[in-house]
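These are the structures, in structure tokens.
In what follows, chain A forms one complex with chain B and a second complex with chain C.
== the complex of A and B ==
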């Protein structure tokens, strides 16, 4: 099937993009790896696309002592190949390398994936686990949004109609930090049926347990310490957080969280 | 909509400029405008890999790459490897190992194989299979393809096609404000709906997905029932919903626009509503269709109004629905639940406003940003709410 007709403009830089997005009717696109299928299936019928994949501001990388800021139009493949700095010492690279397929990773972008906000996508859960911050720019200027406040529903974000996700700031973990990320997909490259990410960063006081692919934004669990120390079971934590879901609907997520916790604990012992 | 845009790119080493409609994907552009039919189109939504070719020396899916997005790019199709020793070796190996039969997946397979040999010189059979996961073969099988790639990996000729450097990565820095990001606590939001079990049971839809919810409404059951019994009013409480005309007996015709992120659907359909005023419960059954996405929805919904100790009310809902067509691919059950919860929260607020005599809801249907694509939820809703005495 072919997309419904639309207009297309390739923005040259951020101010150009903001001008083209003014009014809120146009839809930003970068690699078109998520939007493309929806366009072809005519599930999405935007009147105009604004291509932001080449904006210098969205292709930039900035490093500080505490964080690395990755432009929103950095591709999954660039992260996978180590062409951009990975503040986590390899966790981002590994996650990137397991997104969809190489041909998709060559065009799909970090920011595009986050702004698309598919509940089962990798970056949303990984960045939630890492405690990243979205850098957003719009008519009111630039603002920072904690990643757990960025996705507000399935395929829905906190971005205003004229706002653009410009970059993602990923904090550097402290010494001795460890990480677990586990996802279940029926076939390599498919969207996850369940996923979980665990950050164990005692030096910086960051303990985070997030569960993804729930059909809603990632769930950041309230008592990461209890989970990591084994005082709270993954099943009990998920039951308490999602009481309306039957236990059998959460089995895979319990497994994902259990395995991500084991990876993170193993990583800590291994140091 | 603008007609066409001129696209200039290098195609198999040759500079070309041709008009393209913005909506044309690269595979159609190559096949229709250049008669380069070696690029095959299978699923046309990025799943099967048949259309894989090279843009700037990297394999991409040409069915989900817009032609206009390839301005100034270097595009290489399966026809563009005549002088390429590595591709020549792969072709021979595919032939020798029976790596093709009908040939439909072969151009995409060769593109991915080329990338594997060039990028992963140490790949073993499991790794090759993992890399090939995005290219589907439905006739000859993967064993011959894997064997062919393994053979070429033993002693590959140098790859002539190499990735072009990507555009600026360190141009103007993003300069994030230096404020440290505070560590966030719990983010587990509870939906407003969802407390308590719906006592009702929904009618069965074969292979349907079941969803139960309770919707608190801050008004007395008498007042809520008065609103619920008035179908046009109820419909006006549903974001994006509208009736096509006055209800005819128990039958309703209407539509509901739903939107989730970039997805939009406009379901049009009919529903039958039956009400039991004495028991303050009812049932809605209906179906709808979104012509543009060629997706259908059928559903049944039972509801019951219960008094709450604080003088308010609770509407218990039980629905069963089934979504068919392209939209179903994105309509995972958990997703529908999340959408239904968001929609129900809005409907609950609107019903409360009506039952307490507050402001009228806007008359025109407005598509809800962020709610419900899932007409599933929405429609079920529409119907549910629509009922008649």
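== the complex of A and C ==
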């Protein structure tokens, strides 16, 4: 379990990183919590790793009236510990604090997790629930990608070969908004077997119900209002959205969605 | 964690709660493991392993560059494969090649050895070796392995089975009046042992001594020496095996590996030290396999709850080869003989098959077959209880051997030396508060989606069993006498030399406590010398819960012999008769006078002018041998009681409370016993809930990292309470019983019984471990139509 040979460069700033990443054979690395094991198993064999964990642009935080933009190289632990502003008033901190275990959180980064696009990982489903936007920079300049368009398959994103995820813009919820995020991991530190996030933000007109850990990008359900109001059952919603899957394969996801909905409604059952 | 028994000795001998002396070294990271050994000129070894489960090897092509550092089967001249034949008739023999030559029989089997200055470079080299393999259909399912027309792993065999055995005692007559008959199929998953330190070795050839030294992470250095000498065609005098600090074993390090033989041959061939350090992927996919059993059990009981008979057909998936020294048949041999356990019954029938499949060889893991056997037997007892509408505690109470029956000989002629099984059960029922739990269950909302359950398992652990048992089981390695040497050093320190090997058991402490009983030398002044064939008496090593009894007995015997010689010198110095001399607290006393043991030792070694002319010339060093009064083993036992909550929407099982009543006989060190029980129980919880190495139909292992192979972690473990009983064994020196494996035996049965208790009103029942959410949900789904 030793990696194949590779070169390593620590980028000083974003333009340096873009120069090093040019050509597409190099791979950006930040906390190395997912890439590291893949290197050791020789499943990933980049010719060069470009360390982007210290880029000022990826460590930056920007606040506006409507949103907070978090640099991609901000760690889970920094979010957990409140070292960066949490536009949701604690939802991000709580989600961060339940990612894997502390050793992973100390090194793992928000952007690294999203760019890795593991279907069972936390940030992808949480950001989908919150309606976040990915800020991407590449040879053609900077572009914004709605988070539901960012992951396009398991471990596959909309990032071009030379593009880099720079930051994530998280909208501030309106007054009275509530949130539910529930994941089922059998053991502390495991990836989720099923997860769901529910945002109930009537002031800003944002109702979102997303289901994760489906072996594909998060599923953003079409009729959040019906689910939240209880007119559509979680089982029916999932069956309609994923007709090709047998019901028994969705049992855990139905439970996750049920419990996330209950949390958002303020019920005890979601805990 | 609680323990009922306090420190009775108030001192430092048997029964004292001494802190483990070795922990200072371990906890500060100052141990010296195989991975810490670096020798000048040392090369690192990486293996090219088979990517497929079953194939004919057409060609192993070495790369043009670096090919001289690559070795394949044809290069290994003068090396024999590993062979471990059962002594029982009908055994089909296999030879495990050191490097596969004509055929590979499981994923991960070594095909070529690659050497380089670092492991990373060795892996780079291994990647450039090209394999031409003609893939064959794989045997992946033990239930189909013996089908006519199944592809044969060993082509000279007539079917894929190492051995078939049958036992029958009074069966037909016993079942005639049965009022309750339950039939169940049970299955335990293939697991992988996961000591923190994996396997590994450093081999070095000493030109001056003309001797190979193998530093190995092993539990049994002497057996490795015998096996290695055999494979390499060397005299024992040309082989020394040294086990440095070893980071856990659990059975995985009680096996001679082909990798060790290969490293040794390479070190001799190249005259350079060679090191192989297993990585976790090698262990998971090609190495540490264990546990996979399948049972079809029929239990028969009378209307009053009396257990009449048990009928069992058990299949053990032994994998591709018979391993040295335990063979492919240890598990099945144990299944047939220990299934009835501590229960009375009139009839018994059991057939077992050790089948051969395209998987890594099955290795003994803490508890060996007992974990599966306990699961099968104890779930059968609960099924009978439900059938008869009596409680699980009731059916056990009715059928357990009683203290009045001790020594009890069960239906398979197991000789239970001592114990009070019904009392252990009673205390466990009390500890888990069964009546309170039943009241909480009655108060549950019938529509609740989280259900409470309570479960029990009670079982015995035959430990320190010796010559007749292993010979009877046909195991190629048969233990005999255990020896130890006790030697005073000129400064009054004590050296103990034992052939067993401590890899976490705390023997540096417990054996010093044993010596203290005889010699009164402070354990702080005792040096345990172990893990080195050049320095210690021959021993089969550390396995089978034998060390407290066998090495403890040998150390006591050697210490007693040494004490006699110390008394003789003390008597001379104190002008007293030797039998008047009392040894305690580092001092020899007689009458009102005393002399320190240090002074006695100094006199013998450095001031012999003070000794009488007729002083005993054998001096202050004694080697003695020991065997228990009977070699049928000590029987420790335990009752595990657990309460669980089952989430019906998730299939998730949460452990709410866990109590263990354990009887280890006389405890040498209660804290060490607690540690053993606790560690074993955590492993048993892993067996019950998490650990599983699945294989696909092509024989590919599907969990190649610890992200996929789930071990129990701290947050999965409730506060486990251990309550002790102490029924001394009449067979051992101090009444102590082997206890090392016990904790790992009981949890799967107790937890599955608790889950079935929780699901009973839904008509659902689990019978296969680990109890993953998928399995629990499947059991619930299967019960739906029955309830409708």
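Keep this in mind: the second predicted complex is superposed on the first by the 266 of 271 C-alpha atoms of A that agree within 3 Å, B and C clash if a C-alpha of one lies under 4 Å from a C-alpha of the other, contacts with A are read in each partner's own complex, and residues count from 1 in each chain.
Here is the rule we go by: a residue touches a chain if its C-beta (ideal position, glycine included) is under 8 Å from a C-beta of that chain, and two chains touch if they have at least 3 such contacts.
This is a predicted model, so every value here is computed, not measured.
A.B. asks: Tell me the contact category for A:4 with respect to chain B and chain C: first, second, both or neither.
C.D. replies: So A:4 meets both chain B and chain C here.
A.B. asks: Any idea whether chain B or chain C touches more of chain A?
C.D. replies: Partner with more touched residues of chain A: B.
A.B. asks: Identify the partner contact of A:188: answer first if only chain B is touched, second if only chain C is, both if each is, neither if none is.
C.D. replies: Both partners.
A.B. asks: Once the structures are superposed on A, label A:37 by its partner contacts, choosing first (chain B), second (chain C), both or neither.
C.D. replies: Both chain B and chain C are touched by A:37.
A.B. asks: Could you tell me if A:235 is touching chain B, chain C, both of them or neither one (first, second, both, neither)?
C.D. replies: After superposition on chain A, A:235 lies in contact with neither partner.
A.B. asks: May I ask you to decide whether A:158 touches chain B, chain C, both, or neither, giving the answer as first, second, both or neither?
C.D. replies: In the superposed model, A:158 contacts neither chain B nor chain C.
A.B. asks: Looking at the overlay, does A:206 come into contact with chain B only (first), chain C only (second), both, or neither?
C.D. replies: The answer is first: A:206 touches chain B but not chain C.
A.B. asks: Looking at chain A, which of its residues have contacts with both chain B and chain C?
C.D. replies: 1-5, 37, 41-42, 187-189
A.B. asks: Touching residues of chain A toward chain B in the complex: what are they?
C.D. replies: These residues of chain A touch chain B: 1-8, 10, 27, 32-33, 35-47, 49, 51, 53-54, 56-57, 59-62, 64, 66-67, 69, 71, 74-75, 77-78, 83-84, 100-104, 106-107, 116-117, 119-120, 131, 133, 135, 142, 144, 146, 148-149, 152-156, 166-167, 169, 171, 187-189, 205-206, 214-222, 241-244, 249.
A.B. asks: Please output the residues of chain A touching chain C within their complex, sorted ascending.
C.D. replies: Listed in rising order, the residues are 1-5, 37, 41-42, 184, 186-191, 193, 248, 251-252, 254-255, 258.
A.B. asks: Which residues of chain C touch chain A in the complex?
C.D. replies: 118-120, 123-124, 127, 279-281, 649-652, 690, 704-705, 707, 710, 712-713, 715-716, 772-773, 777-778, 781
A.B. asks: Can you name the residues of chain B that touch chain A in the complex?
C.D. replies: Touch residues, chain B against chain A: 1-2, 5, 21-23, 25, 28, 44-47, 49, 52, 55, 58-61, 63-66, 68-69, 71, 111-112, 115, 119, 130-131, 133-135, 166-188, 191, 194, 260-265, 292-294, 326-327, 329-330, 332-339, 342, 369-371, 373.
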